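Here subunit A shows up in two complexes: once beside subunit B, once beside subunit C.
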Partner chain A sequence: MSSQSKSITPLSKYKLVFLGDQAVGKTSIITRFMYDKFDNNYQATIGIDFLSKTMYLEDRTVRLQLWDTAGQERFRSLIPSYIRDSSVAVIVYDVTNRASFLSVNRWLEEVKNERGEDVILVLVGNKTDQTERRQVSTEEGEAKAKEYGIMFMETSAKAGFNVKALFRKIASVLPGMENVPEPTNMQMVDIKLNSNTETTTTSESNQTQRCRC
Partner chain B sequence: MTTNHASSSAYRYEERQTYLCRVWKEKILPNWDEKKHSRKLRDLVFEGIPPSVRGEVWKRIIGNPLKVTPELYSILCEQAKKSRKDFEKLTSEIAIADGDVGGSGGTVEQLYSRERSAQKSINLDLPRTFPELTFFHVESSPLQGQLRELLEAYVCFRPDIGYTQGMSYLAAGLLLYMDPCDAFISFCNLLHRSCFLSFFSMKLPDVQIYLQTHQRLFKSELLVLYEHFERIRIEPEMYMVGWIMSAYCRALPLDVVFRVWDGFILDGDAYLFRTALGILKYFEDTLLKSSFEECAFLLSHIPQDHIISDVLFQKIRSLSGVSKKRFKHIYHKCEKEMSQWNGEYFQASWKQQQQK
Partner chain C sequence: MRSKQDKAESYWYKCLFSEFQLASNIRPRVWNFFLLGKDETPTLFSPVRQLETALNSLSIPVKEQIWLDVSRLRPNLSMFQRNQVRVVAYCMLCLFCYQREISYFQGLHEILAPFLFLFQAASEDEDTSTIHLKGWNEVPPLAIFSPLWKSYPLFCAFLERFAPFLLDPSEQVLVLLLRRAFCYFQTLLVYHSPRVFWTLTEAQVTPDMYCVSWFVTLFAGNLNMEDVLVLYDCFIVSGNEMSIFYFALELMSRHESILFQVNQAMLPETCMHITVHGNYQVCETWLAARTKQSITPQGFHRRFYRAMYETKEYSIESTSDQPIDSLMHLSVEEWIEECNRTPQSADSSSSTLLPFFLWDCRSKEEYDAGHLAIAARVPWETFQTNPCPHDSMYCPYCHPYPSNQVLNQAIALFEPLRNIVRICLIGSGDEILDQMDVYPLALALTRSHFRYVCILSGGIHSILEYKKPQGTIPHGLDWVDLDRAKQKWIEEERRKARMTESSSSSSEARPSFFGWNSQPILDLRLSLNRIFKKG
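== the complex of A and B ==
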């Protein structure tokens, strides 16, 4: 078993869950990142959608598993099961909709209640292309992120602004920076599933400690 | 040669449809009371109800045990209109109160929390229901207006349930085949008698009982795939919630969806869950060869262009172990186990507290 795990270098996999009010653009951000496109006619996400993508960084390659959730408050009872083993929770609000920004606190609390400090939190204000309709300033977003000590970024999935940068930023703080695995093909991933989860959790706690800078 | 073959099979299909229409119109509908529980009717429903009589047949099968009257519907519509006006007033109050971007006074916050209402959710979802069908998408279209009215009236009818994402698909589907009042009556009754009420109110123990029921049936019908899913950790929450709550509108092509609804309207929840297993069986070979990521992706993005309707319904039909009776039996078993488990859990935690 151990000799095997040395010979195959697994692709590090990370689960990212996208949370936030209805129609703030969770699906749009993911679609922009995945396919570099934007569609005006999105269907509402019901339940949960899954997508994954390999990201090639300078020093390593990571596999991101993206979980896109339904935004309506009613679905919150499902959230705990969705964020159970996630590495990152991305909380999205719409800068043209103050109510969605006010909900951020509740989303943050929800994640913290479930996972404590065990998860990397990212706050994202989307739809910056609609400058005329803006209701939440960049400073307010920053202040909120600072209050909780989490990462912050503003994006426009429609204009393609900052979406790649967002994912690169997230990737740069993912746990497990110390091992630099080679890119592998997909079949290898599921052989290594269990041992991989273990390494993820252990390095995650290291990361949490390191991250408190 | 192939085109000839294709056109002749298309011709046969047309011919069959014309024949089915005649049977429904001349034999079944005029003799409804006598035929409604017949084997013949079942066979006809599972062959797919022709679109021209679908609305009428759905209406008759669903019936109206809740005794919702057209008068009640118009009263509810009036109430809905009033609360829409209140909502619009509230929105404009917010716009005035929130003149400066930085302001976050208590009153504005209060206004916002009230704004997080069913009304708002419905507004957001209307253009996002069947976006491929432009008549729901365009704001000025009569169907979008009817859809809004139906959903808002339901919120007035059952404020304890309100509006949940997913409802708009079910309502839109009914509106495609019925006039607004009949669609509303059918909507209320359909929700009332099915798992939709549990899913739409998102009561966790209830939803879990349904998911558990699905797992049991899955295990007994498709053991190899079930074990594969256990191994790679694909859980039913990942696909069943979306499939059921959109009544398959997000998973399957529309013509297939409405044929699934034909079966669901006749046989209830059992058929919805049988369809889920039918989809899993349809993609069984691919799923068995796939990793967690590939399975999770496939299940949340079913390749609709690849679905051959007749093959899918053949798979659904072949799952004869998921009958109405057996579904009910397993559901009640799961329900009992769940309440037992909850009982034990509470007893244990109560004892713990006592000891403290």
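== the complex of A and C ==
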């Protein structure tokens, strides 16, 4: 806890909800951001998963609470309650899967219905490393983002491309962050829970560790 | 047959809880006996025809989804990295969805995993290096005769028995049932672990955030494989479907100290990752869950069971998604049953049953105009409060809501009973009057972390209207000084006073000595209802 005791500025908490069809890479993006690693076989997210990351910026501490939702159709009616109170909605599609891109409209509607204009929307095209399998061009993604007036970025969680940049960009536009310069050399601290069910308890919940970002 | 089943149940129950697991070589046979009633080791099931039809009838995206999920199932276990296991799992899930006429949902694959794992040894022997998926509709011939298929009938029977709520073809009904489970779960939580309930409620952490994976994968997605097998041993040998929910409840209670320590912002992920490890812990948690089940009012338990497992009610209620009040409400019949329940029942764990106390929360005047002989009274008028113009210590006209000051004194009165008795509060049954006495007190007690608090639904009115079953005189229904006309008059006066109070004075105009500071409690109640109405 010693690393936290230094912070004088109040802690701002922001909820980021990740939406998108199944297997577009929501969990991968989050894991890349949190732990800077990638695995080809993330287990399917059932319902929802949560991860928090505290970012120590130049003059403030920001805690990002990442809500990783399940993309599957079957429990989609649970999703509106997860979108509630979110500051940011990140809608992810897979650039190698056109169907997931076509679903973006529906996800956008879902967010608008729940949050109206009180939310920062980000469109993310993931899996850019698979160039030969690409079905959705960058221009199409950009056009869609422009059409809805939202932020856009392409990422590859596998290659680690643009993931940190994505979160930096999000951090810079969070409400109350307008006057803060875009963080460049920010320090980040993981507040990590024992997400691995193979180990014993959750008592390490307060453990803090420096991230490699 | 029944007695054979009972005998077997008690035998295997003893075995299970002496070793805290069933030996892996007898497990398939025991599961086969309890799930399918067959006293033999599971036999091979070869669904050639049906599988072909199933694979042809499911759409490609569904099959792709199933394949994707089975290929990332249990990445830590080598068994599930083998292609033949994945192919068989894929075939099973396709067949299951086809036979049950349901859409595949993520979580089903997790539940299948322990059943496949039962036959791990058999599957290792087979020479099936050639099994792989060639096309979405093609049945890999060798996959059909894999010994893993022995697990399929067990898997089907297990799901149909323990989680029929997951198998409804309609997505709407499925979600409705899950929501219902969350609501009932909240009630269990506030009854057994009020401190956990309030900690989570204040952080706006609701069961739809942390229970989904528990209820949708029946814990298969949350525990190590060996532990899932032990938990399923407990489920299957006891035959207790509801232990799914009580196990979840016990998981929360068991980890309450972590929940109280952790930063509020970290609560969702802390709840998400709550689990148990090792066969001993699993069994211990399951046994503690069973004790919780026995302490739970049986009427509530039955209602929960009916709501989740009696399919006929699904369609009737599916249109009205009524939020269930978080507090435990009992009907008159349920209350009488609870009152008369004794620890001598066959259920050994009910020896922990606590005494059951009925507390009348109405004003002294109402109580004097008729009350139940067994009901104790909350002596509102004796509590210290700010002076009132009517020169009364507790004046229902000046203090339509008990102030925090008054509530704290009421709680102090209950203090010696904390967690050692079951408390049932009773009001008049009039919605307006109940909001002035019984609800604030019930909420205040749970907020002060009193366990086992419930409310008699409909209050005194419902008891007066209750028709005793012919030929029986239920214990607890003897009246003292009953004067219904007087009671009605007093209630009417209190109601009028309340209405005048709320319509004539704005909050600024209220004199401070009225002690009107219980608003936070009422606000909490409203916010709770809002949480339940979520979605």
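Just so it is clear, the second predicted complex is superposed on the first by the 166 of 213 C-alpha atoms of A that agree within 3 Å, B and C clash if a C-alpha of one lies under 4 Å from a C-alpha of the other, contacts with A are read in each partner's own complex, and residues count from 1 in each chain.
Methods note: contacts are C-beta pairs under 8 Å (C-beta built on N, C-alpha and C of every residue); 3 or more make two chains touch, one makes a residue touch a chain.
Every value quoted in this text rests on a predicted model; they were computed, and no experiment measured them.
When both complexes are overlaid on chain A, the residue A:Arg74 reaches subunit B and subunit C alike. In the superposition on chain A, no contact is made by A:Thr131 with either subunit B or subunit C. Once the two complexes are overlaid on the shared chain, A:Ser52 sits against subunit B and subunit C alike. Shared-chain residue A:Arg98: touches subunit B; no touch with subunit C.
Looking at the shared chain after the overlay, A:Glu140 reaches subunit B, while subunit C stays out of its contact range.
By the touch criterion defined above, A:Arg84 lies against subunit C but remains apart from subunit B after alignment on the C-alpha atoms of chain A.
Looking at the shared chain after the overlay, A:Ala23 reaches both subunit B and subunit C. Residues 22-23, 41-52, 63, 65, 70, 72-75, 77-78, 81-82, 99, 193 of subunit A lie in contact with subunit B in one complex and with subunit C in the other. Considering their complex, residues 13, 22-23, 39, 41-52, 63, 65, 67, 70, 72-78, 80-82, 84-85, 99, 191, 193-195, 197-203, 205-206 of subunit A touch subunit C.
On the side of subunit A, the complex with subunit B involves touching residues 22-23, 41-52, 63, 65, 70, 72-75, 77-78, 81-82, 98-99, 102-103, 134-137, 139-140, 186-187, 189-190, 193. Residues of subunit C touching subunit A in their complex: 61, 65, 68-69, 71-76, 103-107, 109-110, 171-172, 174-175, 178, 204, 206, 208-209, 211-213, 216-217, 221-224, 255, 258, 261-263, 265-266, 268-270, 272-275, 277, 534-535.
Across the complex, subunit A is touched by residues 94, 98, 101-102, 108-109, 112-113, 115-116, 121, 124-125, 127-129, 131-132, 137, 164-166, 168, 200-202, 204, 232-233, 235, 237-243, 245-246, 250, 291-294, 296-297, 299-301 of subunit B.
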